[in-house]
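Each chain gets a letter, A, B, C and D, in the order it is written, and its residues are counted from 1.
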Amino acid sequence: MHPRDVLLQDKLGEECGIFGIFDRDGLAVQEITYYGLYALQHRGQESAGIAVADGQTIRHHKARGLVPEVFDEETLDALQGGKIAIGHVRYPTYGDTGLYNAQPLVIKYKKGFLALAHNGNLVNAEVLRNELEEAGAVFQTSVDSEVIANLIARQIDEGLEKAIQKTMSKLKGSYALLLMTEDKLIAVRDPYGMRPLALGRLGHSYVVASESCAFDAVDAEFIRDIKPGEVIIISQDGLKSIQMPVPLKSGLCVFEFIYFARADSTIDGISVYGARKEAGKILAVEHPVDADLVIGVPDSGTTAALGYAEGSGIPFGEGLIKNRYVGRTFIRPSQVMREQGVRIKLNALRKIIKGKRIVMIDDSIVRGTTSKKIVEMLRLAGAREVHIRISSPPVRFPCYFGIDTPTKEHLIGAKYGVEEICRIIGADSLGYLSIDGLLKTVEGSSCDLCLGCFTGEYPIEAEC
Amino acid sequence: MHPRDVLLQDKLGEECGIFGIFDRDGLAVQEITYYGLYALQHRGQESAGIAVADGQTIRHHKARGLVPEVFDEETLDALQGGKIAIGHVRYPTYGDTGLYNAQPLVIKYKKGFLALAHNGNLVNAEVLRNELEEAGAVFQTSVDSEVIANLIARQIDEGLEKAIQKTMSKLKGSYALLLMTEDKLIAVRDPYGMRPLALGRLGHSYVVASESCAFDAVDAEFIRDIKPGEVIIISQDGLKSIQMPVPLKSGLCVFEFIYFARADSTIDGISVYGARKEAGKILAVEHPVDADLVIGVPDSGTTAALGYAEGSGIPFGEGLIKNRYVGRTFIRPSQVMREQGVRIKLNALRKIIKGKRIVMIDDSIVRGTTSKKIVEMLRLAGAREVHIRISSPPVRFPCYFGIDTPTKEHLIGAKYGVEEICRIIGADSLGYLSIDGLLKTVEGSSCDLCLGCFTGEYPIEAEC
Amino acid sequence: MHPRDVLLQDKLGEECGIFGIFDRDGLAVQEITYYGLYALQHRGQESAGIAVADGQTIRHHKARGLVPEVFDEETLDALQGGKIAIGHVRYPTYGDTGLYNAQPLVIKYKKGFLALAHNGNLVNAEVLRNELEEAGAVFQTSVDSEVIANLIARQIDEGLEKAIQKTMSKLKGSYALLLMTEDKLIAVRDPYGMRPLALGRLGHSYVVASESCAFDAVDAEFIRDIKPGEVIIISQDGLKSIQMPVPLKSGLCVFEFIYFARADSTIDGISVYGARKEAGKILAVEHPVDADLVIGVPDSGTTAALGYAEGSGIPFGEGLIKNRYVGRTFIRPSQVMREQGVRIKLNALRKIIKGKRIVMIDDSIVRGTTSKKIVEMLRLAGAREVHIRISSPPVRFPCYFGIDTPTKEHLIGAKYGVEEICRIIGADSLGYLSIDGLLKTVEGSSCDLCLGCFTGEYPIEAEC
Amino acid sequence: MHPRDVLLQDKLGEECGIFGIFDRDGLAVQEITYYGLYALQHRGQESAGIAVADGQTIRHHKARGLVPEVFDEETLDALQGGKIAIGHVRYPTYGDTGLYNAQPLVIKYKKGFLALAHNGNLVNAEVLRNELEEAGAVFQTSVDSEVIANLIARQIDEGLEKAIQKTMSKLKGSYALLLMTEDKLIAVRDPYGMRPLALGRLGHSYVVASESCAFDAVDAEFIRDIKPGEVIIISQDGLKSIQMPVPLKSGLCVFEFIYFARADSTIDGISVYGARKEAGKILAVEHPVDADLVIGVPDSGTTAALGYAEGSGIPFGEGLIKNRYVGRTFIRPSQVMREQGVRIKLNALRKIIKGKRIVMIDDSIVRGTTSKKIVEMLRLAGAREVHIRISSPPVRFPCYFGIDTPTKEHLIGAKYGVEEICRIIGADSLGYLSIDGLLKTVEGSSCDLCLGCFTGEYPIEAEC
């Protein structure tokens, strides 16, 4: 197991975050990308990279680690002088921790240089790789970007725009994608809009990012979400949008609202914070309970807990304190200390827990191991009752579109019913938000939602 | 300026955290100390160190960086086999960033080895250093531990206990101190009790720590606070307590409750969380305002904000979102981005701020620069009014006992009245908690409080 | 300029060294490759890499730095369990110091995995790249290995052997090449034999290396040189040799004997040490001088100096002492110290120089800057006369086959005649070995020699 | 065992090298000290450090590693602005590899700052430590410098000069010592002159160094050796010399000439190169043999081999080739490869060894393990006979003055007679230089020599 993860929350894992800028104001594009990625750090902690284009060529730097670990003044200075930049943060996936999967991927092909940064997962990547290999291609990484780069290179004769369109027609799966040539920045969102992607403005310059919180971090202004199936090409001539054909129903990953995105982001017209708070309110209606205190599992359960408190009238309190330094590289605890694992990260506030009937709100249950430990911790702190409310439906199916879900045998919602789960984790009661309830929280979104991990029904056929 | 600090909050700075263990169960003392220090990481991020004693000698490792940066499996393994351990995390003080100030300090003297870990500040350190130098001593660091080590070494003839007592009679200032010989662990708290220090039990083993949250992290049980002027000597024979003479009035630093300590710690009988929440409630009474939403400046302002909400009946909300990765080593932003500094760390939630009259709770104002930027950010996010409430009185005087206060010219409370401060930071109104209000929040503490930074009256004469 | 080079000798630069092993004795192939590369470290100090195949897949590790810097126990352990390994050390070429040019290059293609390690330079690399790009290939590095990998992948349908042969028919230039699949090790030497490559045996296992000194380092036995145009395929079934068509005249780089190879290597039947000593002897005949002492510029000039002493009857002495630690990463000296540059590396032995007429032997003059400084140093040490003898002809032409030659304007032999050079470097006389003399030193070689840098006549047309 | 040493030669170990400069020309003292230390790197590879004084205070940097590893542009820049500097390189002694023994030691005492750099070993260090501890001193390292610093601090009342003299009267053992205050540089050589120390001039500035080769490296001019018992004080007022009482007979370590010093240094009037060559000549007379070729074990045996060749008339040749990169940090070879250890470092030149009767010259035999392996290697390379000649007498006794000798049971000369040693290492004959012969090589030295390791008679009583 990856050391950094030993104490991470028992959560689904995001794949990546991307950021890009096309400068028209003489800005230091590498520095702005650095801060943009930093605001997206929650989307990936495995590796980080920035590529810059200066009209002639593309330089880049990427390595394992967090954004402030990968870049220092020296490495950023080596990227000075560019007019366009794209950056990428990568989520740690088990098994492929080598450097070579860091992005952006920079290639040289027939028409010059191309840099790619991809968030998502192609379900037909293997098929496409095989086809490309049949046609003589060689691969040096296992990232989808390399497949996409090869497809573009092989269809470039009618120009880049055409090549991107042809490539998109072959790709099956989720992708929010940034492409950079020596003098162009291109942003692409898959026809289902499975991964978010937004467009912003910083002075006269354009920025694109996985989430709007990255715009705030660099003082840019949100313009609009990039639409499912939209290709935006930014060049010295300005911005051009091409709308590719889209399916009847799009499928933005609903977990962006539940857990992945930062609360201060707005995605496809929906405030992440708003959706989370609303989820808590609806949960209070769907699963009321007589209790003394509502607490959230920090950081992600807090907003829904506030909503539950508001909906139920039960007071909200901070019952669990999180070590602010969790998440850094960490020694693997020995067996004895591992038992202690959750305590190192979280601590119950005896003072306010003691003698109370507690409603504990979390955003999801994946394996159930962490929930079990927190329930124990609350009881040890003197909780009279512990009622768990989850601000999303049970995760019962794997994701094929880039989200790191455990295998079914580790997915507690796939194996057990709600009552059994309640017993396993030792709670007095357990209630999940219904799918209808969840949908209400994102009402008005400009995008339909993918609910595959709850329902097993995916916008695209999964098996390829 | 220290790069790690560029984006840190505009706060007073803590000096250090200490942790110790005397094993009687065959525990891995170096690992438990590692996790204990990790729980105290908020007290110091500059350097970390652990020393272990195995009956014969003392080995140690210390370096700049956070606990998980300084120690890895290799360095911890090199500390295996000990029966006693002490550890230290150090706050970054400007000017002395060299390695040599890292603690524990390990010395060899007449009676063998001695390791020291100190939290606090001696106000007569310079005097004592000069006296020792007059008597021929040489110094290799600028830490008080070295002064203390020299004093003990020079008074050791009647034994260590006596030497410690004689040494204490010479020390003026604050000190929570851990001493370790080849076979003893000694915990000392200064006669005013200015820095906290607690005793715990883990199986049959003893632990000591700056804050009780470190006990929870290693699954130890809190026994009691070490008393002002108390010396606790733990050896194979068990635990022995010596009570040194104490002044009429003790003086625990009240900022432990306001900001330094972790909310889940209990210090001298007072829950830190409880004190902070109560401060918010009293603030609501002392400085009521007609508003729509109470928000806290995360992380430290949140608890008081909940108290204010409860006290005022105005709903609480999360109006500011903090980047979870702030605090890591960071590039120095260029001028343009520095303006953006607070935004990189904090972001306003437009969705819930817009159109509202906001009460923003923070625990203190030091320089005022951050407050000003947050007010601007809230107004940009659409706040109709911004009322600031501070859950402590104005910081108007320097601290001589180990807290890092800026010089008077940078201390906004020392230069301006409340109205002027309100104008400078651009708020619609500003209210500070009164000293009486503050004292109410810690009512029942087993220790009197030092309020020197608010009143200029210190338990000990400051100038020496 | 690369810091490591600031004080390096004013020499032509080698491109790379390669090593491979096919194990049939249960050896730790990664460790043997490590020591093999270490013995070849003189051929490249920029980066090092090892790839191992275990029948199923290929793992590898490569990074910038010397062999002992790139690999430690952890990185070598991660390569355990292989049956075949190939390794590469790379010479620092200016301009492309990125990680991505480190070798071995490992690719995934139609038939599985392929690792490549290349020493040499394709003169038609650009042409081949363009052709491949036209056919849709994308490139991620600027190394020739990537071109070769693509060519093989596109011609694989009739099997690997055929693909290698077809690929060789397209390659123009120098290449000693190791290829590794999941279960095969293949060694290829270009039809001109421009770069050396030898085959050895270690127990029942096979090894291949750029130079025979690597066999000695791992206690392997030299079998024979791989022939120009020969392809050797080693698999579980044993060793198979395919001889490709070769030109009438081969062209092994003569600088291997003059400077590149280690003195204890034997290449194509010629002892490097023997050739160097012979060069000194012939030089004594071609350019006799009345003098008191023969000295060599260490390390490379020493052997020829011994030969000159033997040939001339003038005693040999160590007149110049070299700092044993030169070559490590080094700060760039400030202007003042840069003048001092050569002194930091070399020092004249006043004791034996003073009052003497010195014959100073060096193996080559490239820019002439170092020679000038050494002459000054010898005069300061009291030399009455300084006669320079060079154990190779004047370097007057660039190399297109992988040797790092400066541009013509920095190549002193390209701009000036011998007399002028003598005047520029301040010597009392200067004599170069003749081309005929040089050829005598390698008489009996199983390979013809490339003398392009002296004559401008190359075995292959250079311009492509 | 220290990884760096695994493949080091089987030699006695030096303790340290020191360098100092007092600037009167506006030089960058930290940079000159860097290059000075670099020239002394052969005297110590464990750690390096530089301290600079600027009239007000002393700054320093020290760490484990070679000079170019410890210092880069950033660390050197942090030492800018000084007028005086001292530096130190330390030899790796087993058991104390912690950072804290790196030098210079910088202390603060009654009169301000003091930096110390020491080469040598006090035989009464333990006694002095105990006395100081009795008087209340505390120690943080195990280096003698800390003892010296404490002694000076306790006797400072009559001024630094007096304190140094009083301190010297208490020190027993070897010391070449540099002291630096805020505005003075002081060089001290022990009354026996056991360790070398020389004075030089660079423009109007003064330099001091363990060996004169460091002066050449920074283009300074040798003035003279510092005399046994001499104290040189350099201040803005110029240079002042104090001569302390000295014994009838001094005792410079003769191993400086045999092995430690660089050949291009001149120590106490004797050229190291000259002494080594002479040793070879005398050896040829003392132990003649009928043979075909004289070879030296590189690097240190080469000069004596040239002398032997000259003395005997047998031709000299390079029969052993050394890997130029040996000495860098290195993985510990697994058992199989360890057998191969010497081969990794050295290789026999079959071409010139084969069929010949070889005289192999080495400067000393310590454990004998390396000699045995080289003899085997030469026989494998086809040597008909292998005659070993050692250019110093048998090392039979430990050194108490700072040289790292193995315990008697590992010291082959302490356990066996010459004939037995010859048999153990498998040579055809073995001859050591006689003590008389050795003394002839340093005839005319301004210092008497310590021959303790050969005779067991030491200038000072060893046991304290």
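Miscellaneous remarks
In the analysis below, contacts are C-beta pairs under 8 Å (C-beta built on N, C-alpha and C of every residue); 3 or more make two chains touch, one makes a residue touch a chain.
Predicted, not measured: the structure shown is a model, and the values here were computed from it.
The chains touching chain B as well as chain D do not exist; no chain touches both.
Both chain A and chain B are touched by no common chain. Rounded to whole angstrom units, the spacing between the C-alpha centres of chain A and chain D is 60. Averaged C-alpha coordinates put the centre of chain A at 49 Å from the centre of chain C.
Remark: chain C and chain D have CA centroids separated by 35 Å (rounded to whole angstrom).
The multi-chain contact residues of chain A, meaning those touching 2 or more other chains, do not exist; every residue touches at most one other chain. Each chain pair that touches appears in this list: A-B, A-C, B-D, C-D.
Interface residues of chain B facing chain D in the complex, by the touch rule stated above, are 99, 105-110, 114, 133-140, 142, 146, 149-150, 153-154, 156. Only residues 27-28, 31-32, 34-35, 38-39, 41-42, 66-69, 71-73, 76, 213, 216-219, 262-264, 266, 271, 273-274, 299, 302-303, 306, 310, 315-318, 321, 323-325, 327-334, 336-337, 340, 343-344, 347-352 of chain A touch chain B when the two sit together in their complex.
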